[in-house]
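Contents: one structure, followed by commentary.
Letters A, B and C mark the chains in the order given here, with residues in each chain numbered from 1 onward.
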Amino acid sequence: MATVELNNVKKRFGLVEVIHGVSTKIVDGEFIVIVGPSGCGKSTLLRMVAGLESVSEGEIGIDGKTVNDLEPMDRDIAMVFQNYALYPHMSVRENMGYGLKIAKTPKDEILQKVDAAAKLLQLEDYLERRPRDLSGGQRQRVAMGRAIVREPSVFLFDEPLSNLDAKLRVQMRLEIRDLQARLGITTLYVTHDQVEAMTMADRMIVMNAGRAEQIGTPLEVYETPQTLFAAQFIGSPSMNVFETTVADKTLSVGEAIIPANTKAQGPVTAGVRPEHIIADENGPLSITVQMGEPLGANTLLHGRLGGTSDAFTISLPGVHHAVAGEVIRFSINSKHLHFFDIKTGRRI
Amino acid sequence: MEKRVTFKGWLLPLCLIAPQVIVSAIFFFYPAAQAVWQSLFIPDPFGLSMQWVGLGNFEYLLSDPYYRASFLTTGIFSILVTLVSMIPALFLAVVADRLIKGAGAYRTMLIWPYAVAPAIAGVLWLFMFNTRVGVVSWYLGNLGYDWNHVLNGNEAMGLVVVSSSWGRISYNFLFFFAALQSVPKSVIEAAAIDGARFWKRFWTIVLPLLSPTTFFLLVVNIVYAFFETFGVIHTITAGGPQQSTTILVYKVFSDGFVGQDLGSSAAQSVILLVVVGALTIFQFKFVERRVHY
Amino acid sequence: MTHSAAKRRKEPAPGMVEKRGLGLWFTHAIMIFGVLIVFFPIWLAFVASTITQPEIVSPPMPLWPGDQFFTNYKKALFSGVNVPVATMLFNSLVMAIGIAFGKIVISLLSAFAIVYFKFPGKMIFFWLIFLTLMLPVEVRIVPTYQVVAGFGMLNSYGGLILPLIASATATFLFRQFFMTVPDELAEAARVDGARPMRFFWDILFPMSRTNIAALFVILFIYGWNQYLWPLLITTDPEMNTIVMGIKQMFPSGDDVADWPVIMATSILAMIPPVIVVVSMQKLFIRGLVDSEK
């Protein structure tokens, strides 16, 4: 069990800085999800914690000990790779026990630990098989088993579910979360999937272009996104944003003027989540529908925000048979309006 | 194409690469450098000292009618070997590819000659065409043709060409057969639906699809004919009669070891080196391009 | 390129409708005819190895085996002409295995260094090794001979083997293979605590087994079939290899060659490589296609 500290961690490849200083403190047993689009540096950050990439600047501490210069094996971590990285010529048992074998653990102890992990992961029947004879989900479990038997202080997951089909992904998501809760091992989990981040994380680090845009619990990020990027990246469908001006706690949207409870003034980027609009025949705002997406429980309507040319999406409960060109009026509770600095994208 | 380098340290990799580098240095680079160096000297008649002649050996070689003849001989020899080994191989591969069953058995039989060393192949063919005991030469004699490759340069050339090509037929067959097997069935079927008959399909569809393999084999067979046929020539004709089968590699050997003319032999080595270099670069360029297909 | 594709397409392709009745028999007939022609020299050698000298020297010799099989092979194996063929077979075996084994070991190590490490001079070493691709031993025989003679390695197994093990083809083959091994495997091994050599032994080496086996087959044939090099450096008949030793069995001058024994020796010389090629056909073809790519 351990804490992980990142202290202004930077990474440069040659002259190009790809991670511009990330700091956070992860408490013992916490499940941290690092989420962001591809190329944002999330995997690099994880690999730096693992010791697979060197740290250009700053400090990484595990359990209060600086590990910048330690080899991966000396950091007391275990990692699950995106493509599982199982040794193809070894049986499941050998794969899971390899780390212990290198550490010169006595044979009967390895046997016992592998059996225990296999039981935990329901892999008992597959221990003598080769990875190629397993399904994707089973391989995923073996990769986790390999991490578990080493009883590390920190688990690192690098997009572990991205090679699985959608249904299996949901199931494995729950399994991983459940496993982590039972073992209580501090975990860093990288994904590009914001649903995974929302459902699994104790806290998440939203990364973009080498910066941590926001660090917080899923609900914090959802409810009070600190940057425009975090606002749009987290939540599905994505938050509607449009540029407008605020004057005296009112906001003009096309012709309409609606109250805005904000200290912002002048031009801003305003945002509202599709699920936060209220259909209201007398509402001040409107959308001209171009296309509908019935999802069953609710319906997404895509179109243009009335009086502007901004793309806009609203989510209505239940089934709504939309016709292109239909105009739907709605209102917004001002507490659901978000405002961001038009230049920096920071929350106001 | 770089791997994400995953291990640190420089001493270990240097140790790992050392055996190959040392062996290469001693048995490749040093001798090659020696060849270049020796090509600039001629030894005195007693072999006691060397006299610097600059490019004299090269000038002499290039004006030496025997050497020029050897160049021509090598050219003719390699073209003939390439043709004689590739055309039957392609023919057999196309025929074998038409079989549903049994192609594997034929392949197993056809592989044999590849395993036979060129020198042994030379002995086998020499035995068949031996002027005294050869079965084939005896039957030819009965038909009124007096076979004598010991005296007749063209017959000697013919014999070394056939002996050298024999084992290569196996090699070329394997490549052609593999290439044919990998021609997508759908392409052939599409052509068949378009009404193309077998030979029409072969010329317009299959052969163009085989062109990378064909081109590759062309280069490889020429390299083979240049450098790996020494055994055949040494066992059958020893370069004769009247140097009519003295290819360049054979001449390096006979001038260097038989004639003890080290300067000239070294100069010939250098010229060959350039030829190999050119062929290798050519082959590599081609291989590089093939990767992009 | 091709073997995987060939495997994928189990059912043969072209021909389709035409491949019926007469056409099928005709196809088989062509293949059988081709195999017979290609096989004829070997058959003739075998027949010659089972009959008596007088039957051969009064042509035409029979085309069906006689009853001297044991006499001739016993004579060849245990007395030979200059030296018992059994001795030459042993020498060939040592040389072929030595070359195959040596090449595989040094290329595995150097390819591992080149692919998995970053170290000073890496590119220089890489290009040095690459250059050796261009220098077949035939091109630099005289200076290489001098080097080996200088080390006192004439008539030794070291002299037979070492100069031939440093070619770069195997290194390139392994490099190519290592490049296809996912980076994550090395990283997983690192996280598991494996140091570089441990990773090499536990993971990379076992994963390369098929490639190693395929390469072994190719290199065994290559080593076994060497002719010029053993011819130069083994002056002592006790060190002759079988492929070069056959030529030494031909008498100089007008004496009549002992054909039955020579032909028995030819057959003996081709048996080991033929066994290797035919029994490991799949590996062999794979090795061939891969190493020439």
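Heads up, the rule we're going with is that a residue touches a chain if its C-beta (ideal position, glycine included) is under 8 Å from a C-beta of that chain, and two chains touch if they have at least 3 such contacts.
What you are looking at is a predicted structure, and each value in this text was computed from that prediction instead of being measured.
Once chain C is taken out of the picture, touching joins the leftover chains into the groups A | B. In this assembly, the chain whose C-alpha centre lies farthest from chain A is B. Across all inter-chain contacts, the pair with the most C-beta pairs is B-C. Chain C has the Cα centre that lies closest to the mean of all protein Cα atoms in view.
Computed centre separation for the pair chain A/chain C is 56 angstrom, with centres defined by C-alpha atoms. The geometric centre of chain A is 60 Å away from that of chain B, both derived from CA atoms.
Chain B and chain C have Cα centroids lying 15 Å from one another.
Shared contact sites, meaning residues of chain C that touch two or more other chains, fall at 187, 190. For chain A, residues touching at least two other chains, in rising order: 52. Shared contact sites, meaning residues of chain B that touch two or more other chains, fall at 6.
By the touch criterion stated above, chain C contacts chain A in their complex at residues 182, 184-185, 187-194, 198, 202-203, 206-207, 209. Residues of chain C that touch chain B in their complex: 1-3, 5-6, 9, 11-19, 24, 27-28, 30-31, 34-35, 38-39, 41-42, 44-45, 48, 56-57, 59-61, 63, 105-107, 109-110, 112-122, 125, 128-129, 131-136, 138-148, 162-163, 165-166, 168, 171, 178-179, 183, 186-187, 190, 196-197, 199, 221, 224-228, 231-232, 243-244, 246-247, 256, 259, 262-263, 266, 269-270, 273-274, 276-278, 281, 284-285, 288-289, 292-293. Touching chain C in their complex are the following residues of chain A: 50-52, 71-73, 77-79, 81-89, 98-99, 102-103, 146, 150. On chain B, the positions that touch chain C within their shared complex are 1, 3-7, 9-10, 12-14, 16-17, 19-21, 23-24, 26-32, 34-35, 38, 88, 91-92, 95-100, 102-103, 106-121, 123-125, 127-128, 132-135, 138-139, 166, 169-171, 174-175, 178-179, 181-185, 188-189, 192, 198, 201, 206, 212-213, 216, 220, 227-228, 230-231, 234-235, 249, 252-253, 256-257, 262, 265-266, 269, 272-273, 276-277, 280, 287, 290.
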